[in-house]
Structures are given as C-alpha cells and as structure tokens.
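Each of the next two complexes has chain A plus one more chain, namely chain B in the first and chain C in the second.
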Partner chain A sequence: MPPLDRVPLAWKNLTHDRLRFALFSAGIGFAVVLMGVQLGIMNAMLDSNTVLLRRLDADLVLVNPTRQSLLFRQAVNRRRAEQARQVAGVASVEPVYVEYQLGLLRHTGDRPATRSQTRRIRVVAVDPDSGVLRLPEVPAADWERLRVPGAALYDRKSRPHPDPLNHPGETVFGRLADGVPTELSGRAITLVGNGFALGFDFSTDGTLVVSDRTFARWVRGPYTPPGADPLAEIDLVAVRLTPGADPHRVRDQLRAMFAPEGDVDVLTLAQLVAREERFWWTNTPIGFAFGIGVVLGFVVGLVICYQILTGDVADHAAEYATLKAIGYTNGYLNRVVLQEALILAVAGYVPGLLVTAGTFALLTDLTGLPLHLNPARAGLVLLLTLVMCAVSSWMAVARVKAVDPADVF
Partner chain B sequence: MRHLPPAGSPVLRVTDVNHYFGTGDTRTQVLFHNTLEVMPGELVIMSGPSGSGKTTLLTLVGGLRTLQEGEIEIWDADRGEYRKLFGASEEGLVHVRRLIGFIFQRHNLFDSLTARQNVRMAQQLRPAGRDPDADVRRLLQYLLLGDRDLDGRPQKPRFDYKPAQLSGGQRQRVAVARALVNRPKLVLADEPTAALDANSGLAVVTLLQNLARPRSADELHRLVRPAELAGDNGRLADWQLPLLKELASETGTTSLIVTHDPRIMNLADRIVHMERGRIESNVVVAERIFVRDGLRQCPAFAAILSEEQQKIADEVLIGVHPDLPARPDQVAARPGRVEIYEPGQEIIRAGEPVDSRSKFYLIRRGRVEVWRRDDGGVSRRVAEIGPGQYFGEVALILDRPRNATVRAIDRVEVYTINRATFDRYKAISRPFVERILENFRAEGRLPS
Partner chain C sequence: MSPLRLAWYHLVHKRARTTVAAGGVAFAVILIFLEVGLLGGVDRTATMLFDRLNFDLLIASAEYLDLSRAGEFPRSRLAQARAADGVADVIPLAVSAGGWRLPSRTGPLGTSPGGEVMSISLLAVPPALLDKAFVVGPGGVFPSREEAQAAAAALARLDAFLFDRRSKPEFGDPDRLRAVSLGLADGDPIRLNDRQAQIVGHFEIGTGFSWNGLLLSSEETLARFTGRSPHTVDFGLVQLRPGSDPLAVQRQLRAILPPDVTVFTRAEITALERRYWLRLTSVGQFLSVAVVLAVVVGIIFVYQMMAADIRNLLPEYATVKALGYRPPFLTAVVLWQAALLALFGFVPGFVVSLGLYAVARQYGGIPTAMTAATAAGVLVLDLGMCLASGLLAVRKVQTADPADLF
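This part shows the complex of A and B:
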C-alpha cells in the first residue's frame, strides 16, 4: 500500500478529541515558550555585548591576541595598522577606539536635585569620514557635525531611567537630545543629532560616539604622557579589502606578517563576535543561568510529552495489543508513538513560537534587551522541541513493548 | 499464489503442548499434553468450561504467547510450508500472526478511526490488491453496514462512522471484517457472534462457512427466508448472496472458534472439548455421524438409546473425516479403534473361534468381500460391502466360530468394537436380537 494511502493512525489518535489535542499542544507550547524565552534572553545578553562589533564595517579586524573582550585595554599599535595597509588586497585600515573606563558623562539635568551622579559611559571614537561604524539611524549630516571638537553622537537606547513615571523618556544619564550640553570626563561637550540605537549591556549603560580627535583630547589625552600620541594604541583596527580580494588569503598574509612579534591577531568579524560571545559565555553566569533555564524548559516539555504519550498508550492498550496480535511489530507501534511525539512537537511549536515572539516584543519593550527571533534561533527552538518530543517517545516505547498481545482474548 | 497443504495434511498441528503460568513456587500447569490436528476448511468449535484452557491454547496457536513445551505448526499458505512456533523468534511470531485472522470477544477498534480505516489497518499489513478499498466496502456491505438493510431498503452507510457512532453489534461486525479482510487461511475467534443479532450472526457464520468450502446455491437460498420463518436462526438477504460469492471466491479457510452459541455449534465440522487443561474429546462431526449411522444398522445396537449409540461411536473415533484416509500415526495415536488392512489381507477367517479378543467391524474406507462355504463345503463369494457397512456380528451374537471369511479388496480401514462392549449392548438389546435370530432361522441360516 503506498505510504499516502496508509491510515494515519498517529494523527487520528491525537486529533480524535480536538479539545484534548489543543490541551496537549498547549502543554508542549508551554515548554516551547520556556525554552524560547530563556534562549532569547541568553542571546539578547550575548547580542547586547557584541552589538557594537556587529556594527563595524570591516572584512577583517586586527586585535591584540590577549584581549579576550572589548572590556580590556590591550590594544594594537598604530604601526601595525600602517603595516597592514601595505598588504595586497587591503583597501583601507580604519582605527576604532573603545573606552570603557575613562569616559564619565555628567548628568544632563538642569536641576541638581534631579541629577544622578556622574556616570561611566562607553566612548567609541572613529574618523567621521571613514564610515567604519554602521549606524543607519545617523544621517551624513550628523557625521559632519561630529567633526566639531566636543561634539558627540549619543545612544538613545541608553539604559532608561529607573523611575520612568517621574522621568519619562530619560536615560540614566538624563535627557539625551540634540544640542544638550554636558561634560565628558570633566570637559564640556554637546550632544548632536537624533541619536543612534546600540543599547546597553552588562558592562555599559550607554555609548557616545565621538571623532578620533575629540577622543584624543577629551578622553585619552589627559592620561597620555606629554609628547606621546594618545591615539597610538588602537583598540580595534577595521580592515576593508579591495573588491575581489580573497579574505582568507589576505588574512593569512596578515597573520604571517604579524607572526614573528605575535602581538596582533587577525580575525574575521564573525570570529571576533564569536570570541566576544565566548568570553561572556564562559566568564559570566549568563550561559549557565539561562542554559539551565533552557534545560528546565526542555525537561518540563519532556515530562509533559512523556505523560501525553504514555497516557495515549495506556488509553489505547487494548487497541495496541490488538494491532500486535494481528501482526504489527513493536517497531511499527514505536513509530506511531514517535509520529505522535513529532506531531505534538510541531503542534506545540507553532503557537509556542508565536507566544515567544510576543514575549520577546514585550520584554524588549520593558527592558530594552535586544531580543530577536531570527530564523536560526527559531530553528534551534524547533530542533530542541523535536528532540525533546523524540526523546520522550523513546522513553514511552517501553510502555508499548509491555503491551501483551495475549491480553486481547 | 497461495497454497493449500498437501492432501490429507492439516493446516494446524498441535503436538503434546504443555503450558505453565507463573514461575518458581507459583508455577501452575494450565495445559496438559494437548494434541490436535485441524484440516483445511474445517469449522472447529472449542468448547469447555471457563478456565479449561481453551483461550490459552488459542493464544498459543495464534503466536500471541511463547510456546513453552511441545510444538505447534501452522501452514503458511504464502510460502507453502509449515511454520513451527516452538523457539520461534519475535519476528517469526509476527509473521505467523499475519497468517491468522483474529476475532476477539471485545472488538478493540480504534475510537479515532472510522469503520473503514479500522479494517484497513489490518489490510495494509499485506500487499495491496487491485482495489483494496472496494474490498473493504464489499465486506462491510455484506455485513449489513452498507447502504442497504436486510430488506433491501436504503440506509446510511456506516463505512465512515467511528466506533462511538456504532452499536455494539455493528462494532463487532467491523472487527469481523478486520479479521477476514486478508482472507486468512486460519481464523481464531472468541465468541464471534456473542454481540450479534440473529441475522448478523448468520451472515458472519455463513461467510466463515463459505470461506471454508463452497456451499450449494440451494443451501444458500434456503437461508433467504421471511423473518417469520427465520426465527432465532436469522436470515440472509438475496442481495447478500452475490456479495458472499465474491468475498469467498477463495476457499480453504479453517476457523477455530470458542463459542457457546448453539447456532454455530450445529455447523461445526469438528468439536474439541477441553476440561482442566486437557483435550477431553476431539470429534469430527461427520465421522461421529458416519459411525453412529453404521452402528444403527446393526441389530445389537439398533434398539439402544441414541445417546448410548453416540457413546459407543465416540469410543472408536479417531478425529479424521471419513472421506480422508487415516494415516498410521493417527491410528496409532488412538489404539484399538481403527485397523488398516492391505488388499487381499484376511480380516476374519471362517471357523475361527470367538473369544475375548474377537471384534465387531464397521468399514470406514475401502471394500471387502465375504466368502462363505456352502453345504457342499465349497467356498463362495457371497457379498461385497463397503464404507458404512459392518461385519463380524453374527459370531458375536451367537457366540459361535466365524461363519465367513472377510478379505480386503483394496486398502481397507475398519472401526473395531471389542467383544466386551459388544456384549454389554447385546444384553440391553436382547429382545431385538432375538427377533433377528428368528429371522436368521426362518432364512435357514441357523438351525431352529
């Protein structure tokens, strides 16, 4: 009998009672939401810590090999950037400065009583003409305005004020808007433009983007010995390749060039992002805490699915015994249980994913965490759901095996 | 291509089967040395009180339990060979189960599937025929679940009804269809008609009968009768007969049925009675009738009660249809009941004295010739007799030496009744015997 002509027993068994099927699906959907949200928050944590890196317009990045995270200070000497520029296939080399420690932003509020203390802010500096930082919210005119020393682009997705009722629309740094005067590391600056949207993370409440010249004078200069170049040590060197250049070949050439000193690592942007994520994954409880959350969701779903499947086997014990008696194998019945598990997985996944997407939107709105449901993450949740249901069906198979065909008489 | 077993060979052979439940101290024997052969096309009724082991034996035959001791062989019509169940792997048992149609007392249909789908669950175990769905519909139609009722009036077909929408009897008929859809050569059934009304029950039993062997058109037409004539025996509709012919186009199906339904009991070809785990009797109904009718002709047994005649008959039966030759092993399994003689061999000789070992003979198969000396001492062939006829009674009645020689013409099988049994009933029938003796004297065969 052709497969399509066969009686779809698993589907019929599950959908015979629609209300029960809906409840079953809701049970699996609950597990999907648990896993999806936990995964979402975990990814948001990692995303928020790597969002700056992902905004770089670079084919390759030169970093100090000992710098496991952007948080740290180890940098690449400007000389190395110049050397890289000489390599065939390299179109441009743009320095990117990132400062976590020295950038202190004064609260923008007018009334002292409403001000919080001066707060640490991440400062990113680039050449405004370079286009190395992709901030689609920032028009070219704003980049122009950045050339003026003391001008700064601000992050409108900075950490919101903890008391939004009394401070609507304010960040922890106060009101951030075009033309607002304030101080960066004790010197007057002016916020320009309509702001960009990078968001906050574990290590920073917000970001200012300034020109490299402003950076040199406002941030690094005061801490640089007289006569030394405050821009000599570059945090990230963004390398762009000429059209048609083979990134692997160029990377290998750069690596070969820097190998004797060993003070520069050449990474693709994806590798750099992965390295940053690995740091946060292994050096903070993010991975563990939310990983446990995912595992709990998986286990809850496993138990729910197992209960549904064993309940189904128990409810149909006489019928399954009859099938065995008339010549069906344990293998067939196992496949029926597996099919039921996979149907439940999909039936629970679809509404579960919709609820997860809604929860993501709600959480993003409430917390500012960048929860994104991209196809890869939705696919991962689907895979986890399928595995969860398949494992529970594998566990339920023992019940099928225990059904005795002799019981039918 | 589906094969029947070689002529004279059974479709099912159960040999010295013992079975135990429990282990260690709680191990209890429930079947004791059960031996049974069932021939192709037989309708076998298993009777016996509850707990006598019928169901256990049925589950062993069906490959639903592991055989512990003894052997069960089932004819595999697909492969044309016997499948042995002792030591069979799970895969082997599954194969055997597919050879069998099971009808259970509880229908055990899937609530989630329609009547048609429940039947197709069994159908899809075998390679699909030309139009499998049409066959299912035909079967359900015949079993009164289609668009016509018994009187030919239109009704809503139940093909796509789920069990919850069907009555108990309708569900049972779906289960019957599921068991028969693959036309198994062996059907195991537990009270298949218990939940059925008379008409449905008759439809099921008639189908089983016709799957066993073709019935004459007259025989079938007699079942198409008005309700007032049918009574509790049920009736068929005339539109069911062509369907029946199509459904039972291939015969040779053997049914093993546990039932207390007298309507089925009367149709049995073989009745196996079990008591306390043992097969107490295994009677081929045709053989019993054959022997009983043969005995009725003999004056020594003619005047006794019919129950007594049956008791004597049952003492010589070997469980083989009289149309079939008895194999030596079948004869040896029930010693003292049937003797086999080769052509030309003397069975009794004139002048032999009668003693405690002398017997009465009823011919089962083959023909014999009777030779008697005339007054001049010349031996003459006085008669040739065949199946259902008897000899050897005169010497036992008169307690005199044999007055004739009886010799086998071809291979002859005879039932034998020993002298002790013969004398016991001769005493009961004395007045009748006396009348016979007077006849003998009048004919001059005896001195007055």
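This part shows the complex of A and C:
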C-alpha cells in the first residue's frame, strides 16, 4: 500500500489536537527534566571532588598505588620522580604536594571570639615557576608574589560562612582578601592576590596554594624528623611529555621501570580522576541517592508515554481498524505507533533539556556546586528518553494488534 | 444510585484501565515517597549521633561546623566546666576518621577480593564512662547496662575497638570480625590506618550521609591509630545534677569558658545540625530540590492518568447526562473516582516505598524511615493531586454532549 506511506500518519495523529500534543510533550518533558536534573546533581557532587586534579597540567601522574583517594597519605618518594626524569619522552617532572590534615588556618577575623579559631584547610604546594597547577584566575604577578616565604594564594570559593546574612561574603575561614595576615599551622602567613576558584567538596572547606618552600617550613617541616627532607614524600608527581612523545609508550616504559618495587602507579590524568570519583562513589550514598532518581524518572516517563500511546490507539481505534480492513498490516501500524513514540521523545526532550539547563544554572547559583550539561550527559539523557519511548511503544502496540475491524462497525 | 457507587462500578467494570491508572498514581506516590525519604535520611543523619549521647549541655569548639568538621579544643576546658555549679560530670568525646581495609566478602553480585580502603568514623570516650556517655537500653547504643559494662572492660585494652553492627556491609560481618579478632576463626587480620586492630564487641548507632561505619575505642587507642594529640577533645558531654536548670548552667559556663569553645543546649545543637544538613550541605539542598521536582512531576503525571481515564469514560458520562442527571452529580462521580484512584494508587505505592526504604537503608546506608507524618503527608498530597486533576478533567465531562455519541 505505497500511497499512505507518504502520509505522515504518526505526525498527523499527534498534532491533530495541538493542545493535547503540547500536554503530551510536557509529560515526556517532565520525565526528561527529572532524569537530567538527578543525573546532573550526581555528577556535580562527584565532579566537585576532582576539581583540583583536573587543574593539573600533566600528561601522566605518578601516585602511590595504595592511595585510593587524595584524602589519604600514601606518597611517592622523590627518588622515583628523579628516575622518571631519565625516561625518553619525559619533558618535565613536577612534584605536587597536597596536605589535608596538617594545614590549620586561623580565622582571619579580629574579634576575640573568632581570633582563636583554627580550621583545617587543604594546602597545595607547587613550584611557583612550574605552571603545573592551572589557575586561570591567577595572573603571573601573583605566582611571582608566592615565591616570598609565608605567602599563600587563597580560594575565594571556599565554603561560605553558614550565616550569610550576618557575615556577607565571608568564608568559614573569615574574610579572605589580598594582604590579610593570618596563621597557617601556628605560623604567620599573608594571603596574596585576588584568589582562585576551586571550591569546597566533601572532604575540604577550601584550599590554600603555597610555594614548595613555604610548604616545607610551615606544614610538613614540624612533622619531619631533624635532618630529613620534608619534601621527600611527594603526593602527586606530574609528568609532562616532550612534544610528539607517545603517552602510552612512555607510560608502559615508566610502569615497567617501577614494576619491581610496586610502590608507584602511572596513570593518565583521566584515570586518576576516575579513581578519585570511584572512591567517592563507593564511600558516600550519593550515587545511590541520585541514581535511584534517574531510574524513577525513566519509569515515570515510560508509564506516561505508554498512557499517551494507548490512549491514542484507543481514540483512533476506528481509524486503525479501517486501515486494517483495507489491507494495511500490523507491521505498518506498529511503525506508526513507534514513530509517534519517537516524535514524542524528541518533542519532550527539547523543552525538557532547556528546562534542565535552566535548573542547572539556578542550582549552581543557589548551592555553589557547579552543574555542567556537557554533550555526553545531554546525549545520555536523549538516549534514555528514546529508549523509554521505544519500549513503551512496544508495550502499547499489543493493543493495535488486538484491533479487530469487525468490532468497530 | 449514589455518585460513589457509580464511580466504584466504573472502576470495577474497566479493570484493566483502572489497574493502569492506579499504577500510574502509585508511581507518582513512590517517586514522592522516595525523595521525601531520602531527605528525611539527611535530616536523621544530622542528629543521629547526638540523639544517642547522654548530655544536658554540649561543649564544642567555637569552630564547630558539623561532626566531620567538629574542631578540637583543649582538654583543660572540661576540667574548667566541671567546676561550675550544677555540673555532675563532663565526659570527653573524640571524633576522628580512619581508613579500614575491606575484607573479602561474598555478596549477591559475586565475591569481592577486598583489600580496598574505605573511610570509617572513629569515636573515643573513656571506657569507664561508656554507659554514662551513650544511651543504654532497648533501641539504644547498648541493649543493657551489663552489656555496656562488659564492652567497657574489653575496650580498656589497647588496640581494642567496638564495631557498629549497622555499619555498611562492605566493612565485614560484625560477628565474623569479632571472631577473627579473638582467634576463633580464620581470616585476614583487621587493619585500620595500616595498623592491626581488634574488634572486641559491638554497639548500634547506624550510618548516614556523614559516615559509612563507626568504631568506638578508648582515647589512648584512638591516639595510637590516628596520631592525634591526647591533649585535645572534640566534645564535652555535660551532665547536670538533678534539679539544675540547663539554661542557668549554660550562662555560667559561657562566662567561665574562653571563647575557643561554645556551649549548646540539646535543642540548640539539634536545630543547628539540622539546619546545617538540610540547608547548607549540597546533599540537603539538592534533595530538597528533588522533593519539589518529584511533587511537580507527580502532579503532571497524575493529571495525565486521570485525564486519560476520564476521557475513556466519556460515552458513559454522556449517557448518564442523557438520562437526566444534573452536572453536580457528574462532578461528584468524577471526584469520587479520583479519590478512589488516589487510594488504589497509594496502597501499592506505600508498600513498594517501604521496600525501597529498606533497600536504601541496607545497600545505600541511608537512614530512611517511614514515619506516620510522612505517610499522612504523602496521602494528603496524593488525594489533593487526584482531586485537582479530577476537577480539571471534569470540565470535559460537562461539555460531553449525549447527541455526539449516537
């Protein structure tokens, strides 16, 4: 029956009643928003824990294989970093120190009630000239100022004060600004520059960036036995390759070199980020709490779409029966229902994604946790929507098959 | 025939359709229950530990933010507080965290080799004061005073810990951990922060968004495993003499103690902690958003169901009109139908939600609980959604013209 194939029957069925079509699309759209927002929140919570790692300028990273999260202490010995420097294809090897426990920052307020308070802060130390930490908000002049012992760059996106009405613009560490004097682990430091934006996460309220020399004297020195080098144990060794070097080949070479002792793992930055995400995924109920929302959004969408399609089939029972009576097969009717499902999927997805993007912007503004709608995540939601609608069309089609021309007249 | 009976016959007659519509309502109910339950889990996380500690007033660091960021203060503040009038005792409590090497375990998804490190929270109190520091009795941290005292005796040894039975299952089976420690069973030695630890008994608190599992030890053992200074503590549990006024003692303590500590009443710390978890943590904020989203999606969803259901009954309604029944009668029929569907959807939705809550507790470690308030709130919301959708849909019924049908 070729002539009808040129009639967009699915489209006409749906758009015949514009208002109902809009309502149907909104139904699917809400399922899209539900899935998109839950997925976005889940990713944002995992993303927030890897912001620092993603700011490293490194092709490969040497880490201790037993360190499942940056939060723990296991480190790589400086001798290993020196060994890595000898490997062909390695352009530079830069130590990055990250301290979660020993950095205590004194509250910057000057009232007696706050003057004595200290709070743990994450301290990150790099060679100021190395450029291994990419902080786009920090100009070269600020890195220059960091070379003075006792100077520290600060995170202006540190956890905000819990009472923002009475303490506007303050962090839990007090007011952070250029030139503010305070103490790090009991010794005087000065905050410099206009601050960078890393943000807080599950394990830390904020970050200071200092030079490796300041780090040695202020943070690790007091806990290092006399005569030992406080910088001997490196938390992350950032390896950059010479242009044209094959990262996989260099990685294999480094791995082979460190294999006998087994005390160094060589990861790409993406692998390191994935490892950190996995730790937080298994160590917090975040994946469960928001993953289940995605599943429910999918089920809700499935049922909405099924309802719409079966309703449509019931409404057009007479027409479908007529088509069958004049010789159209079940296959043709199946295709019509599937087409309707896919049209609904797209018609719901487009506004649903727009609302999702708006919700992301709103939530980022409200909570300070960055929600990103990247193509991969938008694509995943589209895929879920299409699958959801296709499955419900498959369920609804059973009703088309049952349509008997004789019943209708 | 009364409107209720007609509505009932409608629903019973079209059984398949009614099942689908009630199923739809059930999904909306489940969605709302789930998000409300998860948010309730955040709320319960906030006060889970404090609810199980005995104190009239709580001394915490001035930088106290939440349990994982409690902030330490000098132990000498406790001695200063003991000097105040009306104070019977001040018990030190230390809170810390460590890395627990997971044992190998066999679960429904196969065997995991273990060896990975998962973070576990550590509590420390003087063993002799164990039964005074924690709530003892049915539903408490220890089931009876005798058990608490037995646990205290075992805790006095170095490197000895009590293990929370309600820790996440990844940490290991509580009884097996104890058996391994006491040499009654074979297994990997228990390692905390890369040191060998002994599990000498159990207690019950539970998990939440703040921790995956809990260990309890003496302060000496905590100092050995974490390297923290024995001169600092995180909390002072102030217990008053009978008849003392907590507010008067609080004023007095605030006057004597330096500004590096704050003194909370139980109501104050509970309110502060709940506000922190629900309003200031990202998980609280996001789950609040998820609740709103679930309600909105639920309303749209129920409307879809109801509209479809009523559309299908239009010919019957038109017939009823043709027989001479007035519009208010039809409205009553539709509203009864909506109310019945709300109930038909609520019951399975409620039952499935109970199951989901259990899954969230067991596998997610989220302290969800079905309270009467939650159940009643969702039921009211469910009825409201269905009746509102019914009212919207009834306009269609009023326009139903008998002549169109024949």
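Quick note on the criterion: the second predicted complex is superposed on the first by the 396 of 409 C-alpha atoms of A that agree within 3 Å, B and C clash if a C-alpha of one lies under 4 Å from a C-alpha of the other, contacts with A are read in each partner's own complex, and residues count from 1 in each chain.
Operating definition for what follows: a contact is a pair of C-beta atoms (placed from the backbone, for glycine too) under 8 Å apart; a residue touches a chain by one contact, two chains touch by 3 or more.
None of these values were measured; they are calculated from a predicted model.
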Which term applies to chain B and chain C once both are placed on chain A by superposition, clash or fit? fit
Quick check on the superposed pair: does A:Asp263 touch chain B, chain C, both, or neither? Answer first, second, both or neither. neither
Angle at the Cα centre of chain A, taken between the Cα centres of chain B and chain C once the superposition is applied, in steps of 10 degrees: 90
Contact breadth on chain A, by residue count: chain C or chain B: C
Quick one: is A:Gly293 in contact with chain B, with chain C, with both, or with neither? Answer first, second, both or neither. second
Touched partner set for A:Ala325, first chain B, second chain C, both or neither: first
Quick check on the superposed pair: does A:His16 touch chain B, chain C, both, or neither? Answer first, second, both or neither. first
Pick one for A:Ala31: touches chain B only (first), chain C only (second), both, or neither. second
I'd like to know which partner A:Ala314 touches here: chain B for first, chain C for second, both or neither. second
Can you report the least C-alpha distance between chain B and chain C in the superposed arrangement, rounded to whole Å? 12
Going by the contact rule set out above, which residues of chain A touch chain B in the complex? 1-2, 5-7, 9, 12-13, 15-16, 316, 318-319, 321-330, 404-406, 408-409
Name, in rising order, each residue of chain C that touches chain A in their complex. 20, 23-24, 27-28, 30-31, 34-35, 38, 41, 61-63, 65, 69, 71, 99, 116-119, 170, 209, 212, 258-260, 275-276, 280, 282-283, 285-287, 289-290, 293-294, 296-297, 300-301, 304-305, 308, 311-312, 356, 360, 363-366
Quick one: which bits of chain B touch chain A in the complex? Just the residue numbers, please. 55, 58-59, 62, 64-65, 90-91, 94-95, 97-98, 102, 104-106, 108-113, 117, 120-125, 127-128, 132, 162, 178-179, 190
In the complex with chain C, residue positions of chain A that touch it: 23, 26-27, 30-31, 33-34, 37-38, 41, 44-45, 48, 66, 68, 71-72, 107, 112-120, 162, 172, 205, 282-286, 288-290, 292-293, 296-297, 299-300, 303-304, 306-308, 310-311, 314-315, 359, 363, 366-369
